[in-house]
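Naming follows writing order (A, B, C, D, E and F), and every chain is counted from residue 1.
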């Protein structure tokens, strides 16, 4: 094969090569929060949301989004997800809703992005379903809380 | 990791964990039928369909849909399909068209949904291409007829 | 432009030209049924489904599928859906679950396929979530029950 | 058409009907921030990111995600986007990167979700490209800052 | 709204604003060619292709791809396609197959990319279905041959 | 299982069965060229492209398209890509831009289509971003240049 001269020698985006890595069981847990404010929080507690069943809709949206991760995040590798789970928790103190997603796979690379994507899209779905009440909600503190498996092993961030 | 209190303890949707299952060869066959009625049946026999080549279009639609199963069915696991096939059979007695789909994979979970999705979308495509003649068609009897592989082994339903 | 000789003069699939049609308000209602059988019917009534919240999951799957119709059905035109709704009804007599979808748009062509696709994918989702109990379920009687708008006007089929 | 008994009378998710609304020009601006931390911030400043060209990749990911909003957020209406723009701004004080997305359409409903989705997916892409350096980054403060057009008119939140 | 400092003042990718443009009828025709070589050409003529019905499959692939254009090409606006058509023509002289796609819309921007995408994906599908015979095929001369509508009016390139 | 009579005995499209093949490391390299013409070539050299950052956008488009190959090409098997890379090279002699894509997987079937799809969509993206300057560009010479792995082993075409 003839030599192909790279136009740019540095900084070009690429999906890194994981061909030589052995598939191992991996898990990631991510969390985030949506600060609802007084009015939306009350509507959630009262199950009085204009567009309907809030948690079931956001949960399904998060699970489906995890499966779309490689289509959304340009340099992510496609992964055969073996489990996805999305949970919610209300905090009356700061009128917020916390979201946790847990993803698993057996693959050559980790599932952190899948868990983070599930949390993000579940949060956006909550925003969408409640924005008729108040558009001032804020999606915040989306972060990885734990990962296991792979070369770097277990990482517990909180 | 701190404890995360589940908001709902029961009934929440989740993609079940198949991480511990060993990938095995699996196959599923599904069938369905579309009752065309007199006029559409005759047009199909005469190859006189307004939108063109009926079986080829429906077959491709079914095959592509099988590959989208995990994107359509929220709790389905993504599977590396190793084969998909869609076939048709005309029944002059009841003026119907039968559809059969066969899907294979080597994975931790079965391909029943992929075969059923292929049949469903092939049937919808038939409806779409013939609805200019008669909108009274009926898609019916979509069911699994056979599955092999996995813990539950072979199941033959008809 | 030079002449392009068509390879096949007949029967080739094409998305028909609706450029000259004026956008009008349109609505379609479709229905279908899934025959659950004794065991699954009881589990649905008892809200004891292995994969979780059945109706919410199937409803969301149906709504999302309606939005994917032009991606699933090869010759469908993309439509700006203005409403989608999916409902369920249990029938103790024949241990079945009925599904109804209603879709609306303001466009040059009808929304029948969107309503039928929503019913089909909601039914497949029900099958997926209950197949751990019994794989003998049957998706049946998917049909258009009503359409309004467009050149052909209102059509009420049942 | 015969009556269809709703299984659940309250709280079911639905895409609300916007058929009667007149399409108007609409715009939305959303913002968010990713707290990078010392090491990642320095790598960004030094253009020394393992996976390559950071801002171009995240910008494209955000623009493409805006176009996928109706596929990600279950009850969102599909919208013909007429413009999407994603910008970035580094804050040395708190070692963070701010993201702003601006979306426009001429439609029956607003583009808030498209702008928020663009910000979220751009942020996830930044996380993905920098996570080889530090997995402790935090995506935060995703919110609507402005919307114009539609019945509720202009809303300026910051 | 507070000022947002752009990180990069030049060269950043954006979907240009077409909000102020009036929707008009538009059409585009694109063509391309795949040089098959002796063996594949003969197999096509003999309808002896390993993976089956060549033209129907490539035509459907092209039509579906036209509808995915805005998902594939980052800065393309989503368009409500009103017609897509894909045709083929065999050239015994140079053992090639020509592909022509025609797309229409009523929109604020043109359909050139939709026609070009349909040709490209139809050509890739031909390659895929014939590559078991010879991998040396070459997809070539993909170009716009005609466009009508829009501010720049009619352009006839061949 | 009862016998299902095939409607058509020959020529029907199908995704061939690769269930029995053992996954092996595979790589494919494809190339193509876009003949830009004098004006576009100069604008590319001057980094003066109306829609922004040309190479980064086309590179991301190509990488994302490689991941969509099985969704675009009807009979392609879904593959777990382990690497994708897209590069560019300008040729002042013929005012053209060459594109090279390299894809890797560990699977039962090859990645030729993924590499060819990446090249094609990167080329379409270049066309889209430069078409405001000149619509006479031509995408040409898309071909496989190398493949390794699988039963047929290494194939070097140039």
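Definition applied: a residue touches a chain if its C-beta (ideal position, glycine included) is under 8 Å from a C-beta of that chain, and two chains touch if they have at least 3 such contacts.
Here's who's who by UniProt: A, B, C, D, E, F = Cyclic pyranopterin monophosphate synthase.
Just so it is clear, the structure is predicted and the values come from calculations on it, not from any experiment.
Asker: Which is the least count of steps on a path of touching chains running from chain E to chain F?
Answerer: Graph distance in the chain contact network comes out at 1.
Asker: Measuring between Cα centroids, what's the chain most distant from chain D?
Answerer: Of all the other chains, the one whose centre lies farthest from chain D is B.
Asker: Considering A-B alongside A-D, which chain pair is linked by more C-beta pairs in contact?
Answerer: Spelling it out, more C-beta pairs touch across A-D than across the other pair.
Asker: Based on the averaged CA atom positions, which chain is farthest from chain E?
Answerer: Of all chains, A has its centre farthest from that of chain E.
Asker: Centre to centre, by mean C-alpha position, how many angstrom separate chain D and chain F?
Answerer: Distance between chain centres: 29 Å.
Asker: Name the residues of chain B that each touch 2 or more other chains.
Answerer: In chain B, 12-16, 53, 56-57, 59-61, 64, 68, 71, 74-75, 80 touch at least two other chains.
Asker: Determine which chains touch and list them pairwise.
Answerer: In this structure, the chains touch in these pairs: A-B, A-C, A-D, A-F, B-C, B-E, B-F, C-D, C-E, D-E, D-F, E-F.
Asker: Considering the complex alone, what residue numbers of chain C touch chain B?
Answerer: 10-16, 32, 47, 49-53, 56-57, 60-61, 64-65, 68, 71-76, 112-113, 116-117, 120-121, 123-125, 127-129, 131, 135-144, 147, 155, 157
Asker: So in the complex, the part of chain F that touches chain D is made up of which residues?
Answerer: These residues of chain F touch chain D: 53, 56-57, 59-61, 64.
Asker: Help me check something: in the complex, which residues belonging to chain F touch chain B?
Answerer: Those in contact with chain B are residues 1-2, 4-8, 12-19, 70-71, 74-75, 77-80, 107-108.
Asker: Quick one: which bits of chain B touch chain F in the complex? Just the residue numbers, please.
Answerer: My answer: residues 25, 29, 31, 55-56, 59-60, 63-64, 67-68, 80-90, 98, 100, 104-106, 145-146, 156, 158.
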